[in-house]
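Two complexes, one shared chain (subunit A), two partners (subunit B, subunit C).
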Partner chain A sequence: MNSSNGMFKGFLYRYGKIMTAYILLTVAVWIMGMILLPQFLMVDYSFWAVDEVAQAKAMNQVAVLETRLDRLDAEIRAAQKEMRAAGDAAEKDRISRRIADLERRAGEVEAGFVPLDKAISDPPRAYGLKNYAYLAKNTLHRSIFFKTMVVSLTVTFTAFLLCYPIAYYLAQVVNKQTAAVVFIGLITPYWVNEILRTFAWLMMLSQNGLINIALQALGIVDAPVDFLNNNSGVIIGMVYCYVLFMVFPIYNTLDTLDHNQIEAARDLGAGWWRIHTRIAIPHAKPGIAVGCIMTFMVAAGTYAVPSILGGTSSLWFTQVIYSWFFDGGNWNQGSAYAFVLLVLCIVFIMAMTRLFKVRLEDIAK
Partner chain B sequence: MGSAIDLEKVSMRFGDYLALDNVDLHIREGEFFSLLGSSGCGKTTILRIISGFLDPSQGQVRIGGRDMAGIGPNKRPTALIFQNLALFPLMSVADNIGFGLDVRGVPRADRRKKVDELLELIALPGAADKLVTELSGGQRQRVAIARALAVAPEVLLLDEPLSALDLKLRQHMRQELRAIQQRTGVTFLYITHDQSEALAMSDRVGVMSQAMIEQVGTPDEVYNRPASPFVASFVGANNVFRGRVTRMDNGMAVLDTRFGALTGRVGEGSSLNVSDTAMLFVRPEDFSLANGSTDGLNIVSSRVRFQQFEGAFVNLHLENRDGRRDLTVQWTNRPDLPRLDRGQELRVGFRHDRAMVLPRGELANE
Partner chain C sequence: MTSKKILSLFTHAYVVFFLCYMLLPLAIMAAAAFNKHSIPTVMPWKGATLEWFAILFNDGILWKAVVNSFIIGAGVICLSIPIGLAGALFLMQLSSKARSLFYAVMVSPILTPGVIIGISTLVFWNTFGVSGGIFLTIIGQTTFISSFCMLLFMARLQRFDKSLEEAALDLGASQHQVFFRVVLPFLRPTIITAVGIAFLQSFENYNTTLFVIGAQSTMTIRIAGMVRLGLTPEVNALALIFIGLTVTAAIAYELKRRAEKRRQAVQKEAAKQADAMAPIAPGADMVPA
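This part shows the complex of A and B:
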């Protein structure tokens, strides 16, 4: 509270009243409009479903009313015909009274449609856990969910194994100029958008792509490896797409590690393994936690990479969510799936902060 | 007594820059040896070569008689104390001290015992479970020493570890370091730019200038019998008189200077001939008021420029008659000190055998 108060005063001092008000207002609008309201709406959606029984009953009643209306219309038409054929005034008067009576009844039937129409176009909502229960019962979707989780963890771990040495090398081994050159090398591929980068991997990983040609030429495999219909293509593509999310946080923390600490450990007899496990990794913990959280979240939440590199037999959970929203037209079911994914990510964040014994404040720093 | 460290013709080159030029250095077992030099003279390079973080471009390094070529810093019988101490901030005091034992696979119980012994040695019992960030500057200093001593090194290398402390604590830590060295008997190689530190603590001092070692000797030798003008001007304050040798006689030389003819003893091992240009050095504290017998004394006529009262002593700044050269005189504070005014004529003297004559050479930059 104290520090946020101080931060507010600092803001006021630096930007003045008008700018501060503007910044606070835009942030509030952003938080409300972009984060809280859509999330609340989604959570709300996920907990109700259309009351199908009530909807079907309404539709039946509509059908009943429609036949009654048709019958009345036919009677009215028959009466009008009699009217034209009728001779004396007394008979005409009798028929016109009958028509008026029929029209009154038709009007009553038509009025009956109004509440039913509403029940069909905006059907009653049944609140409950039906949407979640559906996911729990659907073995295919459940297995896709767990596969997404396991593969995202694999991607995160692979990215860590790949990125920690790079980050250490950049932060502790080379000088700043060399590090800058390597950073440019790391960032340049990201100037191309994600879809194109992923397509590049599609070309490399396909049955007669570069990698299979190389593997066959070297005699390592006889038949081309089908990277795209198992998860390896997805893992390779995601690791490649998201390494920067891992490299930068780890680099940032390792960069603040006093090089003397490494030399001191080495001088005291520590080999490389000990230096990393006892000195460098404990120091880099907040960065590693941030890197893992970010990589896991983008991996679990990606749509493009699995839909391009995943083929047909390796669906991603986001693809299932997508199809609920846009193919199945069931937003409630989609929302429930999306909310489960969100909960998974939150659980992962909490697990990481627990595992690395870092607090969210440390990560924010 | 054996040799703890031997450097034989060690040179170190960084690109075009020569950091060490053919250095020979022999440090005896169990001595407190200081390398004294200004920043950039190569003293830290020597330390890093001995500890194994740098490989010399040329020459041989032996520790305890064994050639260290190809042996990494983690395999050498040395322990380094860094200028910023480089304690591990995420570990407790005990884990810091026990780190070297831990990586050597010493079991927990033995480790704990050794840590407690060392905490006793550095007078910090009960601090085992504190974080190093909770300690004061002097306490951290001692933990760094304990951490280095824990691995039972043959040689302890210290890279100006006291430079971050305030004066009082620094003086206290000098005594403490010396005491710890004497109690443990470990060879200490101490790097410093602070000459009073080097003189106060060391058995022997090596004075460095620009990639070379100028002189190695006891503090007394280095101070009282400097081997070169650099050492004479770098270690302690010194007055310099430049002049031409007019007479050589029985290890004494007479120089013709701007203050007149001055006599001093010729430095050991320096070859001087009549008519060579030379330098005569005399310490500020070797001056006395010249009133009485002038036998065996050089007499300098001068004028008072100003006086500085420093408490235990008084610094007197004098100039010669034409005001072009000045000299510093230091007297201990006594009640019978004369009252001196600016511009007052003053004859001061110093004994012939307290003045050193050396061939002309480079002086240390002030």
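This part shows the complex of A and C:
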């Protein structure tokens, strides 16, 4: 209490009343209204399902009430007919009293619809693990989930293998002028829309794309390779789209490595393999961790690349989530799947920070 | 020595290969914009044409989506810059323990897959009866773009000399004056950078937007639709324009950077000469470069 009071005073001293109000209010709205509450609500969604038993019961009752109402309506119409045919005033009076009674009963029946309608349009919620159990039991969805995980790991590892030499080259081998030119070559594709980058690879990898033409012309394959329906298209496209998430963090850490250390190691007789495994890679650890986290996260969480390069027979987990929301109309199920994806990413982040002994603070630099 | 040479040759060859890997697909995509063939390809080449550009400029649906993208981008800038700035100012004032906790929460949107930000935004606003559209897209994108802006502001504020603020306060400036006359001018370059980055992030976002855009469309959403459902080289024409803009911007940036460097070098040289010629001279900047 005391420390938060002191903190508040510090804010007032430094920023004044109006600025303090702006800062605290804006941060509160952002954290609560945009980050935490939406996430909590999504998790909440994932733990309940529409109580189908209660909903079906309500629908049955509605049907019962409807027949009862129909019968009453028929009786009222019959009575009205009798009324028109009736001769003396006493009989008319008797019939009109009967109609009034029937109408009262019809009104009662109609009132009975109100709670039932609510039970159907806003059905009762049954909390439980039903949505998660569904994922565990559905073999197709389960295999898509594991495939997403394995392929994302493959993409991450491939990107690391491809990017480490480039990052090392830029940070330690060439002068700044050349590095700047290479950087432009690397950044240019990154500024082009992700969809267009992926489309460029669709042109390369399709049945009569450039790679298949080249492979056939060189006599390596007889028939065109179907890159799009095995996972290779997705892997190639993702590595292409996300390499920069790997290059930059590794470059940033390698850039701080004193080149004299490498010279010293070389003078003392270390070969290039030892220089990398004992000096450069240990130094670049935080960068490697960050690169792997970012690459894995965007790979596992992307919708764009697999939807373009994935073909129809290799769905991605995000595509399953999407179809729960917009084709299946079951947001609860979709939220459960989304939460599973989020947990996967969190587990990966935690594993990497442990493995490479970096802190979250270092990540976003 | 020779093994070193081979290694160096190998490294250079690899870099060239890597650059080809990055740039060749884009070059081919751009080249296909001029092919008469009705599907996007460079082989077979059926002759050069500008027809696809004409089709692109007359594509009303696409241009409407582009307008939406600009509206959303403007909205995201208007929200994420103030939020990111407030977040950075907030964190700078916290003790280190509280700071790491809040920091983790405030950068978490960057580390969360975009689809999940889209879903949580959709679910949250649905309880208030707001369904997908331009408004929700602005909100969803702002959630994580604010984190990027915050990081930019924090990096800049870490280099801020606090004694400037203290001095201004001591000399009787109100906190308001300090903020608007000292802190904000110091942050100006970062604000410009943040505006640019926020806009680019918003403009090219797909994964979050997909879940919150509803029946509306943005340019990226529209392109994805064109790519997935039967397409013509119109997309290639658009890609060529994008690549042209990017390359121009990159070259302009690099030229500007080099000119800046040269200017600084010249200034340094002039200062050195001035020092050498007149060690007690009042100002080196009086000497013409």
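One rule holds in what follows: the second predicted complex is superposed on the first by the 333 of 365 C-alpha atoms of A that agree within 3 Å, B and C clash if a C-alpha of one lies under 4 Å from a C-alpha of the other, contacts with A are read in each partner's own complex, and residues count from 1 in each chain.
One rule holds for everything that comes next: a residue touches a chain if its C-beta (ideal position, glycine included) is under 8 Å from a C-beta of that chain, and two chains touch if they have at least 3 such contacts.
Please read all numbers here as calculations on a predicted model, not as lab measurements.
Chemist: A:Ala265 in the overlay: touching subunit B, subunit C, both, or neither? Say first, second, both or neither.
Modeler: In the superposition, A:Ala265 contacts subunit B only.
Chemist: Now for A:Arg274: first (subunit B), second (subunit C), both, or neither, which partner does it touch?
Modeler: Once the two structures are laid over each other on A, A:Arg274 reaches subunit B alone.
Chemist: Just checking: does A:Pro282 make contact with subunit B only, subunit C only, both, or neither of them? Give me first, second, both or neither.
Modeler: first
Chemist: For A:Met352 in the superposed arrangement: first (subunit B), second (subunit C), both or neither?
Modeler: neither
Chemist: Is A:Val340 touching the first partner subunit B, the second partner subunit C, both, or neither of them?
Modeler: In the superposition, A:Val340 touches no partner, neither subunit B nor subunit C.
Chemist: May I ask you to name which of subunit B and subunit C touches more residues of subunit A?
Modeler: So, of the two partners, C touches more residues of subunit A.
Chemist: Is A:Leu36 contacted by the first partner subunit B, the second partner subunit C, both or neither?
Modeler: Second partner only.
Chemist: Using the superposition on chain A as set up above, list the residues of subunit A that contact both subunit B and subunit C.
Modeler: none
Chemist: Which part of subunit C faces subunit A closely enough to touch in the complex?
Modeler: Listed in rising order, the residues are 7, 11, 14-15, 18-19, 21-23, 25-26, 28-29, 32, 40-43, 82-83, 86-87, 89-90, 93-95, 98, 100, 102-116, 119-124, 126-127, 139, 142-143, 146-147, 151, 155, 165, 174-176, 179, 200, 204, 206-207, 210-211, 220, 223-224, 227-228, 235, 238-239, 242-243, 246-247, 249-251, 254, 257.
Chemist: Which part of subunit A faces subunit C closely enough to touch in the complex?
Modeler: Residue positions touching the partner: 3, 7, 10-11, 13-16, 18-19, 22-24, 26-27, 29-31, 34-39, 41-42, 45, 162, 165-166, 169, 173, 180-182, 184-189, 191-204, 208-210, 213, 240, 243, 272, 293, 297-298, 300-304, 307-308, 318, 321-322, 325, 331, 334-335, 338, 341-342, 345, 349, 360-361, 363-365.
Chemist: What residues of subunit A sit close enough to touch subunit B in their complex?
Modeler: It comes out as residues 258, 260-261, 263-271, 274, 278-279, 282-283.
Chemist: Which positions of subunit B touch subunit A when the two form their complex?
Modeler: Subunit B residues touching subunit A: 51-53, 72-75, 78-80, 82-84, 86-88, 90, 99-100, 103-104, 147-148, 151.
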